[in-house]
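These are the structures in question, set out in turn.
Two complexes come next, and they have one chain in common, chain A, joined by chain B in the first and chain C in the second.
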Partner chain A sequence: MSVVEAESLSKWYGEIIGLNSFTAKMGHGITGLVGPNGAGKTTLIRLLSGMIKQGKGDLKVLGMRPFNNPELSSMIGYCPDHENLYFRMKPLTFLHYMARLNGLGTEECRKRSERCLSIVGLSGENRPIGTFSKGMKQRIKIAQALLNDPKLLILDEPFTGVDPVVRANLMDIIRDLSHQGIDVVISSHILYDIERLADDVLLMNDGKMLLSGKIGEIVDIVEDYTHSIIINTSSARTLGSRLFEEGLVDIVDVRSPNELFVRTRDPNSLYDFLPRAVLDEGIAIEKLTPIENDLQSIFERVVGK
Partner chain B sequence: MSRFYARYSSWAGLRTSMGKRMSFFITHGLRRALRSKWAILVLVITYGLIVMPRVFAAMNPFFAFDPLSYFSLYDEMQLFIMLYAAVIGAGIIASDFNDKSIVLYFTKGFSKAGYAFGKLSVLFLSFSLVTILPLIVIFAVALISSDLGLDLIRDNIWVLAAGLSLGLLVTLLLTTLTAGLSSLLGDVRYAGASIFAIFFLSRLVSEILLSINGNEHMKLISLWDNLSAVGTYLFRLDNPYGFPQLYPFLVIVGIIALSSLAVYYILFKKELSL
Partner chain C sequence: MSGGLSATWGMMQLTLWQMTRSRKFLAMVIVTCAPMLIVVYALSRPEMNEPYLFFNELTNILYIQLMLLLVTLINSTSLIRDEISAKTIGFLVTRSISRGEVALSRYLAHIAVNFFLVALPVALSYTYIGLVEGGLSSNLDILGPYLLMILAGVFAYGAFFYLLGILVRHPLMIGLLFAFLWELVLSNMPGRIPYITIMFYIRSLGAEMITSGSIARYDSISGILALGVLSALTLVLLMLSRRSFSGKDLI
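Moving on, here comes the complex of A and B:
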């Protein structure tokens, strides 16, 4: 059974389209939703968490329709993008309150709250939540999402505004949760993060899904079209001219005397030529960085930016 | 990066019943509401200035079970009841919208009906402290101060019933009205101001229109006059209004229904796109 099944899902906000005939299946593991602001990620997340109802189409999460469904919501851990916390409460008090609402007994609730705090690395924090940094608030939000022992964790932009260290920590936590059997749907516009976390990726733009699949499959699809490389060389201008003369590249951009960006439709011929350029023409090539495996380039290409 | 956090593990514990969860939700809400320094201040002033003198008066057999004395209690307390309603009720739902925490309740397996019931219960119980409890205290003191004869109780129990009925109506009106405004406006300050303003403005408009055209029906615009009119019926007093007391009762029931509808619409029909 798929974790999420969406069929021709549409959602309008007045005349603005949030989601447009969105069809997708999300399996077990970590699924990343990727797209720019306004792509429809948050709309989809809110539909999944049952906060809003679709205008058209059908949506099932863990086999159930999510809107106004307390039974399903008790199986979901939801971490919204906004800071929906009681700022005057201390972390343990806040989690304790949330755990009691979730139906844990007094003693269970204390243990579980402490456990969830330690999972996100905030044990012993005794200040009011309002004094916390953005990263700490994100961790508290994840902790409260774990209180109800969720089968599915929905994380909306969890890395927004956090520093690289916290980002790495959060990734570590999310990966660990996935290894423990919790399915995760995570949205982000920071493509670097999704690429490193997700098993499956859904690329979204303007309320539609552009591509979906394993990250490797998406790369394969995109490779049929163009291939981009950054070449660090001793003579970027000379090498760029030679590649253009040979008809091996569509775009050449000399970014600096030592860095060249090229885009090609025939990567095999390009890779064959480069060693010859080194041997026959004496152009030193220090480093090749194909950026096909970077989600950013795939996304930009598919969206057409 | 080395990992030093605890690892996640599935929780195998049993969940408590919905009744226990609801009971926790209500008692927590009550504690939170009554911890407000403004609520405490209004309570102290109300009991100090109005309820306590009535308690002492109730020890006098002449006033002990006088219906007019019990009826006028509500009139004297109206300013404080309104203040208390604004202080306690304004943020009851609006604050959950303000800090967007309302989402958290519904992602903890808490139904919208449960949330609404819990919040309305918190309001009802809080308001009872100024609408029902004073009456019970005064009546109890009156009984204790008298000879506690069965005849006396039988003859005067209707005064308690009338007071409780009026208190219940006032509490229901305040509960639904404040919850309705709090959820509709979604802002604590606006909700607080509007709760207070609705009572005063409705009375002001009613007075102005009454002075212009002299039609007694204009008093039906004033919320508090409607409650007073129903009170005169319950306490078997002469009807000082130029219309049957059924009208104000229907107005109050209408406002309760409309306010409940507002809560229902905001919580059940409107999407939580915070």
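Moving on, here comes the complex of A and C:
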């Protein structure tokens, strides 16, 4: 049985189309949804998680229709793209209440909340969630999605705006969960993020699926794509020089003392190097913003083919 | 406790946590309890001859006609709408609890908070008067009906504003117009016009049991009939809220 089966699925928001006759099957393992902003990824994720109801077509998740279906919800963990949480709550309180909504008893709620905090590396955090960094908020969102021991984990843009250390850490967590047998659907507008994680990938644009297959096949098709990133750092010049010395980038542009633009054909090595630069060489990196223009050019080529 | 009941109880606890641990709650406690200062001041005046009549008028005008509307308007419209606006609604509806149960349990939990906010200062004012005047028992027949009116009002107005908060993106303006134009103006019009307001039925509940003060002078229907109308209205509004929330795209 496929984890997700969508047949001619459409969703309109008034005059605006979110998904347009979308047909796909997603199997076990990690499936990546890749597309630029407005491609329909979040609409698809909201449909899968039962947040919105479908227009035309048919959608089954784990063999069931997802809209307003508590039985299915008890098997799914949903991690939204936004950072809005109950900011006044402490993490354990937040997870405890979320576990209660899964119908668990008080003692079981406590155990699972502590276990899920431990999985995402937030055990012992006793501050209100509002004081957390972006990366910590991403982790607490993943933790709340794990409370019901889900069969399927749905993650909407989990890497947006996080620093390289957190990005690598989140990827490790997701890989571990997949190795434990949890199927994962993950969306991103960065092909590279998905390339590092997913078994299968669906390329989406304008509410439609353009291409699907094993990640290796898709990457072969778009073999020579470049990956551009804006790096916010306290030492843009130093970091730029180091990246160039290491031969990790084709283009380096120090846009300001705190902002660096780089383009690379080897994002794997670049992303491996950045956490080392932070930890070993003490270069502070505040934020990574991958540029999706590269993805747009890929889509243009794919559509051309 | 079964899974479904546990989830429903969990939703009620979460709602109580959210409602009572906010600045808004603190501000509302201050606003609803502020008139108690008027009671303390009035009772200190030598010309205060009929403190229970004073309590009667104060409760009718300030608590039944103003605070009840204000508290339910602010709390009930925001109960679901704030979750949608803050996008936290996704954490509530992707659990093993149906949307219908989410809607009902949040409504029931918020009734307790609204009743507390309006009834507490009324009960405290009454107790204070009783203590100053030397005996609580002689006029207990006034407090009971007012608490019943507040409870019925919290249920009925709560259900109306709750539905409004689910249906409308910015419910506060429409709610204000309803509360202070429809309810307060129309309920004080002559003839049968007040019959189309919720306030008319709330007043009818009290008018049958309270024999003094302005509340006894309003046109009214029998208390049982008023209670029946208010209960039916609350149930219909609640069913509409449940249905509307269950079929809604939450984005």
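The rule we apply is simple: the second predicted complex is superposed on the first by the 219 of 305 C-alpha atoms of A that agree within 3 Å, B and C clash if a C-alpha of one lies under 4 Å from a C-alpha of the other, contacts with A are read in each partner's own complex, and residues count from 1 in each chain.
Heads up, the rule we're going with is that contacts are C-beta pairs under 8 Å (C-beta built on N, C-alpha and C of every residue); 3 or more make two chains touch, one makes a residue touch a chain.
As the structure is a prediction and not an experimental result, all values here were calculated from the model.
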Chain C versus chain B on the shared chain A, clash or fit after superposition: clash
Partner chain(s) touched by A:180 [first = chain B, second = chain C, both, neither]: first
Chain B versus chain C as contact partner of A:134, first or second or both or neither: neither
Chain C versus chain B, contacts on chain A by residue: B
First (chain B), second (chain C), both or neither touched by A:287: neither
Which of chain B and chain C A:255 touches, first, second, both or neither: neither
Partner chain in contact with A:49 - chain B first, chain C second, else both or neither: both
Which superposed partner A:146 touches (first chain B, second chain C, both, neither): first
Of the stretches 3-11, 57-65 or 147-155 belonging to chain B, the one that collides with chain C: 57-65
Common interface positions of chain A, toward chain B and toward chain C: 13, 46, 49-53, 68, 70-71, 73-74, 76, 78, 80, 82, 84-86, 97-98, 100-105, 144, 148
In the complex with chain C, residue positions of chain A that touch it: 13, 46, 49-53, 68, 70-71, 73-74, 76, 78, 80, 82, 84-86, 88-89, 93, 97-105, 144, 148
Complex contacts: residues of chain A adjacent to chain B: 13, 46, 49-53, 68, 70-71, 73-74, 76-78, 80, 82-87, 97-98, 100-105, 108, 112, 115, 118-121, 123, 144-149, 165, 168-169, 172-173, 176-177, 180-182
Residue numbers on chain B that touch chain A, as the complex places them: 1, 3-11, 13-18, 20-21, 24-25, 28, 99-112, 114, 268, 271-274
Touching residues on chain C, where the partner in the complex is chain A: 1-4, 6-7, 9-11, 13-14, 17-18, 21-22, 86-88, 90-99, 246-247, 249-251
